[in-house]
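In the two complexes that follow, subunit A is the common piece, with subunit B as its partner first and subunit C second.
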Partner chain A sequence: MKKIKGILITLIVIYVATAFLGENFLGGYNQGKLLERTGLYGLLGIGVAFVIITGGIDLSIGSVVCLVGCGVPWLVMKQDWSPEAAVMMAIVVSMCIGLWHGFLITKLKLQPFVVTLCSLLIYRGATRGLAEDQSQGFGGDYEAFRSWGTEAISVTSKFGIPYPFVILIVVAAIAWVFLNKTIWGRYLIALGNNEEAARLSGINTDRMVILSYVICSMLAALGGLLFILNGNSAQPSDFGNFYELYAIAAAVLGGCSLRGGEGTIVGVVIGTAVMQLLKNMINLVDWLKSHMEFLIVGVVLLVAVIADEIIKQRVRRQR
Partner chain B sequence: MGGKLSFEIEFVVCLRKRSGVFLLVPSRVAGFDSCIMKRLVACTAALGAFAFSGCGEKDGGKESYALVTTGVASFWDICKKGGEDAGEELGVEVEVLMPSSGDDQRSKLEDLLAKGVDGISVAAIDPVNQAGLYDEVAEESILITMDTDAPTSKRQVYVGMDNYDAGWMCGELVKEAIPEGGEVVLFIGRLEQDNAKRRRQGVIDCLLDRGKDPSRFDAPGQSQIGEKYTVLATLTDQFDRAKGKANVEDMLTKHEGVAAMVGLFAYNPPLILEALKQAGRIGEVKVVGFDEDEVTLQAIKDGTVHGTVVQDPYEYGNRSIRVLHALVNGDTSVIPENKIIDIPARQIRKDNLETFWTDLNFKLGK
Partner chain C sequence: MEEPFLEVRKIKKLFPGVVALSGVDLWVNAGEVVALIGENGAGKSTLMKILAGVQPADEGELLVDGKVVRFAHVQDAQKAGIALIHQELNLADNLTVAANMFLGREPGKFGWIDQGAIGREAKRVLEVVGLEVSPDTLLSELTLGKQQLVEIAKALSTEAKVIIMDEPTSSLSMSESERLFDVIRELRESGVSVIYISHRLGEVKELADRVVVFRDGENAGMLERDEVDHDAMVRMMVGRDVSQFYQRTEHELGEVALSVRGLRTEEHPSNELGFEVRAGEVVGVAGLVGAGRSEMLSALFGARPALSGEVSVGGREGLPRSPREALERGLALVPEDRKGQGIILDMAVKENMSLASLRHAARGPFVNVSKEEELVAEMTAALSVKTPGSWQLLRFLSGGNQQKIVLAKWLALKPKVLLLDEPTRGIDIGAKEEIYLLMERFASEGMAVLFVSSEMEEIMGMADRTLVMHEGRITGELARENFSEESIMELATGGNVNEAE
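Up next, the complex of A and B:
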């Protein structure tokens, strides 16, 4: 709870401010859309949180989103695969990507930054080649398949809990249990704190690091799948661009330390919500201009991180 | 249409610049540096050719031309097809390059010069600030522009239409869709590039019944209020599809009474439709599009999009190659006095959709 105090306060402040300043912010439609976006981006955040906790980084998330987001409709529409087969393919490919990253980082001792930066270029390039740079989508077909990204569990006539958010909650719950209630989670945090010490105390650190990259790539793939089901339009050259940075930002906002060994799943979800809320606020509040989006998001995030650090230091001193 | 700043490409360019010494060198010196590079590349290539074949002639003496686009999109694929068809007919080589940003366009143009193509047709991204770059290209090869002009540069001729006029035609479609007037929101990929600015301004000026003045520019965040029509805002997404869709959703939240939405880049109308469908407001909010995305065309057929304005990218590519070929062979009669080869835009509604779509599919070989 202490770890997420800062980001939780930020979320509440922005939420209340937008409720007063924005038009129709509290309407059911808008609330549903906010949950939907938090669901989509939150999956990427949780994925990268695992890697960050081990002290690593994954810059290839946006490109995995692109690979799956363009690859699945390409398989289904252009290669006549069934949606189930295409999804299976996405699962296998993303698992292999994670294993490959983990292998290069643990066995060949390459730096995570370099490995995943190369991957960022490779997967996007491969997708562009595969799809011949053509926009991918399902046209008007496969409504049932697409409903995973578009439908919601109705609560009122205007408000529903979108499936992507439900999926996020399920994933977050599993991730939380894994990280906090299993021995594997303890190992991850231990190795993030001090890999050498963790190894000497008998933890198979390589296996844990590989696992974290597999989780990250698979969640990026799940995110990519839901993004394309939701938006139905993906261009290989720009789909998912920058998404790794949104994911990393959300994870760090949510209390993950880039030095490793620290992080909370609830914090990452809240961090994602803050980012999406900010973007929504900029569109809904009249005097906030949309071309200032990066400026506003950057400043608010920095203020949140500074405030969080000050709170933490004060807590430490009081002890 | 256009390029974008993408993280990865930026990074690569950065690395490239670093390794090539000219990160902090003034542009003149940088130009000198790339000049040496070009010569080195040319020397190496010549040596290679000499060593392997003993003759310096390239590829059977065929002329080679290049089309350089502003970005990657289906729009440019049609253009590519037009260029390639012309190439086949004339028996010349045609290469089509699709850069991902302004910086990337620069390096692609430099690479083409190093390779030694006979002529280049480029779609300008930032006509004013890139004029210098285009001048450099024009000095070493034959340069013309297509789609977006760079009138201050030394390009020989422009092949395309006026985006301001095309925007105006789009405004006329909006007036047809909501004849009783109302609030309108515009969506576009980005406003940094000239064609986007002019296109958007054309729509606004038409809706507000102003006189034609392409140099006008209304701030994107401000509402433009006319007698019958109000343009509430223009939202950009920097080519991020999820953001583009979120923009539509946020506008549906903010302006419940919005009467029409206009998507000004090819992928915008499909995103508008998707958001409206999910909000259950299809048909209630009128949609007008730009360009010929398949989803947009299908929606016109279904009656969920009122109409769209299409350019003729096939003709841009095709005519570019023909003009370049004529110029290389010394025929300057292809250049009209005002240096603009006009390829007008067209309005597509339900009534003329079939003819247009059939022709488009034919050109794409579908």
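Up next, the complex of A and C:
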């Protein structure tokens, strides 16, 4: 609770400020849209949080989003696969990607940054080749399939809780239990803090690191699937661009330390919400121009990290 | 009476959870060799770091030549004429001797290094310390002993008036040590003061003009040249007679618990190690730094798997390939580098204690919280761990309590063989005694205990039997009745003493 206090306060402050400054912010449509975006990006954030907790990084998330986001409609529309088969394929491929990353990082001792940087280029390039750089989508077909990304559980006539957000809550709950209640979660945090001590305590640290990359890639794939079901159009050259950075930023805002060993799932979800709220604020508040988005997000992130570090050092000195 | 060149008055230093120094005094006259001795954790290294400007004191005064000084950086101390030679050498392997000596203060202009000046000056100083190598030699081509002399040359080239040496002989051979002593004597002649930190009381006796003893961050006493003798030093360091400090009881030895044959480690692939340890036996492993003792324990525990060898634990054959395999066979390792390998500083007492045995305190994949708490309460009581609560992060506990938690982590698994690597390094004297009592208790309960130690007292006090290693080989084995500092040192430096003599 202590760890997420700061980010929770940030969320509330930005929320209230936007409610006063922005037009139509509190409207049902806008609120639903906010939840939907949080749901989509939050899945990526939770995924990368697992990797960050081990002290690693995954830069390939956006490209995995692209691969799945373009690959699934390509399989369904161009190769006449059934949606179920295409989804299975996405699951298998993303699992293999995670295993591959984990293998290179633990067994060949390559640096996570380098491995996933190469992956970032490779998967996007492969997707562009596969789709011949053509935009992919379902057109007007497969409405039932697409409803996973577009529908909402109605609350009022204008406001509903979008499916992607519901899916995020389910995934977050499972991730929370995994991290806080199981021995594997304990092992992950332990090895993120001190891999050698964890290994000497009889923990198969390599296996846990590999697992974290598999979780990350599979959640990126789930995110990619929901993004394409939601948007129904994916351009291989830019679909998912920079999404890994949004995910990493949300995880850091939510209290993950890139040194490893630290992070909470609730924090990451709130961190994602803060990121989406900022974007929303920039859209709705007149005097904030949309080209200022990166500037504002960057400054907020930096301030958050500085505040966090100062508080930590103060706590340490007091003891 | 002459004014001391360097004086330390009532220096205090606190670290989280530990009082490292609680008001110590020390002075050094020009051209004097002062030996500073004390057990690990007595505060010697902390004081030396303060003197060298590595870290500031919390309270107290530092006087150089009668004037109060404050060192904010290492450079300040260097300018005042104080140089520290760390126990672990601070040299860059990939640079030349000359480049190392002038690292960070290269003569020259606008970032352009005056190589000629470096070479000339390096050559001059190397002659002073009697090291006959070219200044252009790569450091990695020198033996540890010669590298040590390079460090001293480096200190001299800063025009140091006081050179602090922190256990300089811990990795030197006998002849290299002798050479070092000669250099120290020459330095004394030329008016340079030396603060000499060592655990080797024999050396201290040979070299020191005066001996200052620290204990638990306080001055425990001082001996003038003519008062220096072994027993007096030990009494001051330990605070009582050693015979009470190491309590061993006679008990029956059981079956062979650990049997090792033909063990080859990565570091010394041409040497085969073999020995046995019986249940209830405490076996020490003595030797100099770099003798391959830690590597042997790492190999036994599967931390850095051995190249080959036969290991049998409690009758079960097989060479452990990973720590996991080792602990399944009943081995446990308390590693040398506690903070790096033994504990997780930013996790709680509870989580550290249960880390190795969590599998057994689990319901399916879920941590069984009540069982975990039970185990932690039991271990905290059994090892009398002092902590405000099981939620406390290890960062805030003393070294002794951290070490007990490493032991607790293994005890829950009831190991047959306990391997300990420098079990009392960096912990205070009270905790040290507790660790010894625990080792004795584990042995009397039938555990086989194999411990590596660089402290002669500890080996002679605790071991039933001692293996001595030198350059990757076991050069001898001594039974308790044959223990003597001389016999162990001779084996540790490669001399030959026949077994069971």
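Things to note:
Quick note on the criterion: the second predicted complex is superposed on the first by the 310 of 319 C-alpha atoms of A that agree within 3 Å, B and C clash if a C-alpha of one lies under 4 Å from a C-alpha of the other, contacts with A are read in each partner's own complex, and residues count from 1 in each chain.
The working rule: contacts are C-beta pairs under 8 Å (C-beta built on N, C-alpha and C of every residue); 3 or more make two chains touch, one makes a residue touch a chain.
All values derive from a computational prediction rather than experimental measurement.
Aligning the two structures on subunit A places subunit B and subunit C side by side, free of any clash.
Legend: residue contacts after superposition of the two complexes on their common chain; A:I14 is shown touching neither subunit B nor subunit C. Applying the stated contact rule after C-alpha superposition, one finds that A:G137 touches subunit B and leaves subunit C untouched. Using the contact criterion defined above for the overlaid structures, shared-chain residue A:I203 touches subunit C, although it does not reach subunit B. In the superposition on chain A, A:V87 makes contact with neither subunit B nor subunit C.
More residues of subunit A are in touch with B than with the other of subunit B and subunit C. Once the two complexes are laid on top of each other via chain A, the angle at subunit A between subunit B and subunit C, using C-alpha centres, comes to 120°, given in steps of 10. In the superposition on chain A, A:N193 contacts subunit C only, with no contact to subunit B.
With both structures placed on the common chain, the touch criterion links A:S237 to subunit B but leaves subunit C unconnected.
By the touch criterion stated above, A:H291 is placed in contact with subunit B alone, subunit C being left untouched.
Once you line the two complexes up on chain A, you'll see the smallest CA to CA distance from subunit B to subunit C is 20 Å.
No residue of subunit A is contacted both by subunit B in one complex and by subunit C in the other. By the touch rule above, subunit A contacts subunit C in their complex via residues 181-184, 186-187, 189-190, 193-194, 196-204, 261-262, 316, 319.
Touching subunit A in their complex are the following residues of subunit B: 4, 6-8, 11-12, 71-74, 77, 98, 100, 220-221, 233, 235-236, 239-243, 245-247, 249-256, 267, 270-271, 274, 278-279, 293-295, 298. Subunit A meets subunit B in the complex at residues 22-25, 27, 29-30, 33, 37, 40, 117, 120-121, 124, 128, 133-135, 137, 139-140, 150, 227, 230-239, 241-242, 245, 279-280, 283-284, 289-291.
Residues of subunit C that touch subunit A in their complex: 16, 301, 303, 322-324, 326-328, 333, 335, 340-347, 351, 355-356, 358-359, 362, 365-367, 396, 409.
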